[in-house]
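Structures incoming, each one as structure tokens.
One chain, subunit A, appears in both complexes that follow, with subunit B as partner in the first and subunit C in the second.
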Partner chain A sequence: MIDFLIGLFLATLIVALFTSRLYRLILWYSMNSLILGLLALFMGTALDDRAMLITGIATILIKAIGIPYLLKNLGAKFHFVRQIQPEIKVQYAIILIPAILVFTFYLAEPITHMIHGNANYIAISISSLFLSLLLMMEHRNVAPKIIGFLSMENALFLLGITATDGMPMLVELGIFFDLLMAIVVINLLFHNEEANL
Partner chain B sequence: MMLTLLVLPALIMFFVSFSQHPKAKFLLPVSSFAILLPIIELFVLPKPYAIAGSYLVADKLDTYILLVSSLVGIGVTLALLTLDKHVRVTAKAYRRFYRFFAIFWVGLTVSILANHMGIYWIGLELATLSTVYMIKTNHTRAAHKEAWNYMIVGAIAISLVLFGIILMYASAKPILGEDAMRFDLLLSHAKEIPSPFLFEMGFAIATVGMFVKMGFFPMNLWLANIERASFYPVAALFSGILESAVIIGFFRFSEIAKEVNYAHLFGFVFVYTLLTIFIVSFLIFRAKDFMRLFSLSGIEHMALIALFWVSGGTFAALLHFGAHAFLKPALFLSTGVLESKGKYRIAGALRGYHGKKGTLFWFLVSLFLLAIISLPPSPMFFSELYGFGAMIETAKHSDHMLAMIAAILLLLILLSVIFYRFVAIYQSMKYEGKEEEKKVYTSELFALVIFALCLVALLLPASLDYLRSIA
Partner chain C sequence: MITYLLTIVVLVLIAPLLLDFIKAFKMLLLYKRPVSLFQGYRNFAKLMQKETVISSESSAITRVAPFLVLSPLLVTLFFLPPVVQGAFYVSFVDAFTITGLIALSTFFLMLLGLDSASAFGGMGSSREAFIAALVEPAMVLTVFSVSMMAGDLGVGQAGVNLAAHFPKEHMASFLFAAISFFILLIAENGRIPVDNPETHLELTMVHEAMILDLTGVYLAIIESAASVKFVIFASLFASLFMPFGLQYAAPVAFGLFIVKLFVIAAAVAVIEVNTAKLRLFKVPNLLGIAIVFAFLSLITFYVLGA
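So, the complex of A and B:
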């Protein structure tokens, strides 16, 4: 089940890279976060780790429901451009994305021997990080760049739960707090910026 | 109790920022001085002193860095009093600036005192995010663009730091469990880390994140453009406080990496900083305004500090760090006056000052400008002497002695390029251009006097002994 969810996590991110509509991109981010939350819940149950279960629930509530809802509201309030054509053409992206995946598996190869269990997940976390960076780079508009930044946080979270069997609870909560602070700052930045969107 | 006292000035600033009373801002410099009381107490208390369990611990290194950054904070609150005299800023934006400055200060205090990699990251991220709005206080198109730029690149940099932290944590978790996040335990068990490659990989990624945040290669112009677009106190906060928190992270991580594999650490940092200084020296040579000039010079000095630190010149690195943390904010804050007749008017910028305040201003700015290029008796002169001494000592024990000596010579040539450019700029400021009258305000002059006194205090035997005791 965990393998299936990790695959879905990567798949949602790849689909997001080809999306040319903003609300659809937000939906894929929400799906990505939902799968991450479910992954934390499954792993938390398997490891009997209560902190990871709480983190999983918080991920679903904040990242899969709260932030997408807020972003959609911000989009309506500040009239974001909804047609977001990626700068990298589809035919090039089709070549680039598998190349990133192969490269990251090669890059993570020495590390995977040192981690007990879930070894390939580290490679997937690193590739998710690169794909999120690609998402930020391939769009000119600010809104998809924010989704790229949020996806990057998801990739880091995935690395945290797979490489270390969960980070300390205090750190997880701190990261959530910072994420909320980021949303506040993003909201403030959008004020008086409608013309630039 | 100690933590409450340390964050009290920032909390007062946060709450006062909601007040619409025009005189409310005058309370802030007074309240910011209050931070010195708990810091003085920290100096007296036996080290390491637990401020909040094992999460926040004051040792000799972070007490020193906290003192330096707090003094910069005091100077900036003083200079902020006259911000509206030099730039156009609305009352609402002014209040918001203070609000985010307060959050920034809390974040960095937590970050500096952190004995826990996770807490360190949380504090740094909080400070990064609060800076975004401070950049945007300047209502220009360039500032809006740079605020987004900072948000995105800053987020990437800070994410790399977290990525590295997770890998370092994963490498030590088998022996330390959840305590693998603690700097002190990681340091004492560094040699027992079961997967040193994983640790080194994490260290390298976190270091690249921290170096990007300080404007190192390949992001050399990123920080300079942001500082150019924002109001000058933001640049002072960046160079005096934010970079202090970033560099203490580098100090902590590299102390552990030194135990894991010193040769790898040294090689990586040496090549990276040399490359950075190589590019920055030419960018400084072409700089046409004060903000970019000082910003690029800041990158050069942070690279030197990192280099001295990994070369074993701990004393030199800390002395250089202290001197830079006082000199650079002083120069950034004086930019408000220097650029009062135009952004790109370097010629004649040190002319047109009258009266006691004006004379003292140009005298202090001249001293700061000459001190930043390490003219004696600047603390930077001594720190560079000790720093290069440490580098040569390391080269002598290296397997690649000739290559390292050649690299050190190249570094000295690059520093001469920077020296030449600064001297040329100083001469242009003092002896060329039209003489136009410029106004200096008491509060900003007071801030410069504080920085000058701090620089003198840094050279006192007691201060030098303290720095040696950290080493």
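So, the complex of A and C:
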């Protein structure tokens, strides 16, 4: 089941790389976070780790529902450009994405020898880190860049919960606050930009 | 052996029913009064009785091509994985053969479109070639990667192996292959994001443009070929990506298989209602996603073993 969810995690990220509409991108981000939350819940039950269950629920509430809703509202308020054509053409993306995946899978190989158990999860989380970076790179507008940043955070979170069998709760909550701060900063940024106009 | 033949006969018989089910389910979702599920059979009977008119411009190809469109698809039906445990199946046919047979059928369909010498036929043929060229590599990769997971290159044997031992440890790459194959199912059968089977609008039609000049018996043959193609893809999806329930008693397993086909048809209908048709030059993007997922499933399987 965890394999299935990790596959879905990567799949939603790859589909997000090909979308050219902002609201659809936000939807894929929300799906991505939802799957991450479910993953945390499943791993939490498997490891019998209550802290991870709480983080999973917090992930679903904040990242899968809260932040996408907030972003959509912000988008409506500040009239974000909703037609976001990726700068990297689809033809090149088709070559680039598998190349990145192969590269990161081999990159992660030395690490996977050090960890017993679910070693391949690390490779997938590192590759989704790179794909989020690509998502940030391939768009010129601010809103998709924010989404790329947020999905990079998702990938790090996945790396955390799979590689270490659960980070300390405090660190995860810290990351959540970090993320909310980032959203607040972005909000301020837009306010400022509006004032300048 | 008798189950094997019976399966093929039933698959051919329910082929029009499945397409009508998609149409009826779509109409139901759009709050329309659905068409009868047996409209396909009625159309077939009516077309068989109609006079067959052949354009004076067309060559002998028009007379033979409809049969050559249908026959590779009928041959493919014999190579599908078994739906009941213990049934006869052909184990050695691999991804290349099945893709090749489907491509052969598409090739004759394109020839048929060109042969009518109308502007629409050529247009439809070129578009079909454009789509088919992108579908085939992805299809070979996908079926290949699933057969690798099952541990046998033969598609029939792969279906049996998957049912006997589901690859839980390869769930991630299995999922990528399933996504890829579902996109191919939509693209190759001309369903909505790629082609709209219900309109005759010159900007959008692909499949309809090629068969615009056909009448009577030939049209009936081509229509049944289209439905048989859908059945092939749906049953490949059902036996490769939903490989459960084969161990039950033969009638139950068979019934379950038919239910799976209808579930796939319902999924296609839901997607059709929820998406707009893509522009023709956006179709490579969709098929690009399919190719990426097919490749991804192969490398995830090989490199990570996941």
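One rule holds in what follows: the second predicted complex is superposed on the first by the 192 of 197 C-alpha atoms of A that agree within 3 Å, B and C clash if a C-alpha of one lies under 4 Å from a C-alpha of the other, contacts with A are read in each partner's own complex, and residues count from 1 in each chain.
What we mean here is this: a residue touches a chain if its C-beta (ideal position, glycine included) is under 8 Å from a C-beta of that chain, and two chains touch if they have at least 3 such contacts.
These figures come from a predicted structure and were not determined experimentally.
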item: Overlay on subunit A: subunit C relative to subunit B, clash or fit; value: fit
item: Which superposed partner A:V142 touches (first subunit B, second subunit C, both, neither); value: first
item: First (subunit B), second (subunit C), both or neither touched by A:I6; value: second
item: Between subunit B and subunit C, more extensive residue contact with subunit A; value: B
item: Touched partner set for A:R82, first subunit B, second subunit C, both or neither; value: neither
item: First (subunit B), second (subunit C), both or neither touched by A:I97; value: second
item: Which superposed partner A:Y106 touches (first subunit B, second subunit C, both, neither); value: second
item: Which superposed partner A:A163 touches (first subunit B, second subunit C, both, neither); value: first
item: Least Cα gap, in Å, left between subunit B and subunit C after the two complexes are fitted on chain A; value: 18
item: Contacting residues of subunit B [partner subunit A, same complex]; value: 55, 118-119, 121-122, 125-126, 129-130, 132-133, 136, 139, 141, 144-145, 147-148, 151-152, 155-156, 159, 162-163, 166-167, 169-171, 173-174, 178, 181, 194-195, 197-198, 201
item: Residues of subunit A touching subunit C in the complex; value: 1, 3-4, 6-8, 10-11, 14-15, 18, 90-91, 93-94, 97-98, 101-102, 105-106, 109, 120, 123-124
item: In the complex, subunit A residues that touch subunit B; value: 110-111, 114-116, 129, 133, 136, 142, 145, 149, 152-153, 156, 159-160, 163-165, 167-168, 170-171, 174-175, 177-178, 181-182, 185-186, 188-189, 192-193, 196
item: Residues of subunit C defined as touching subunit A within the complex; value: 168-176, 179, 284-285, 288-289, 291-293, 295-296, 299-300, 303-306
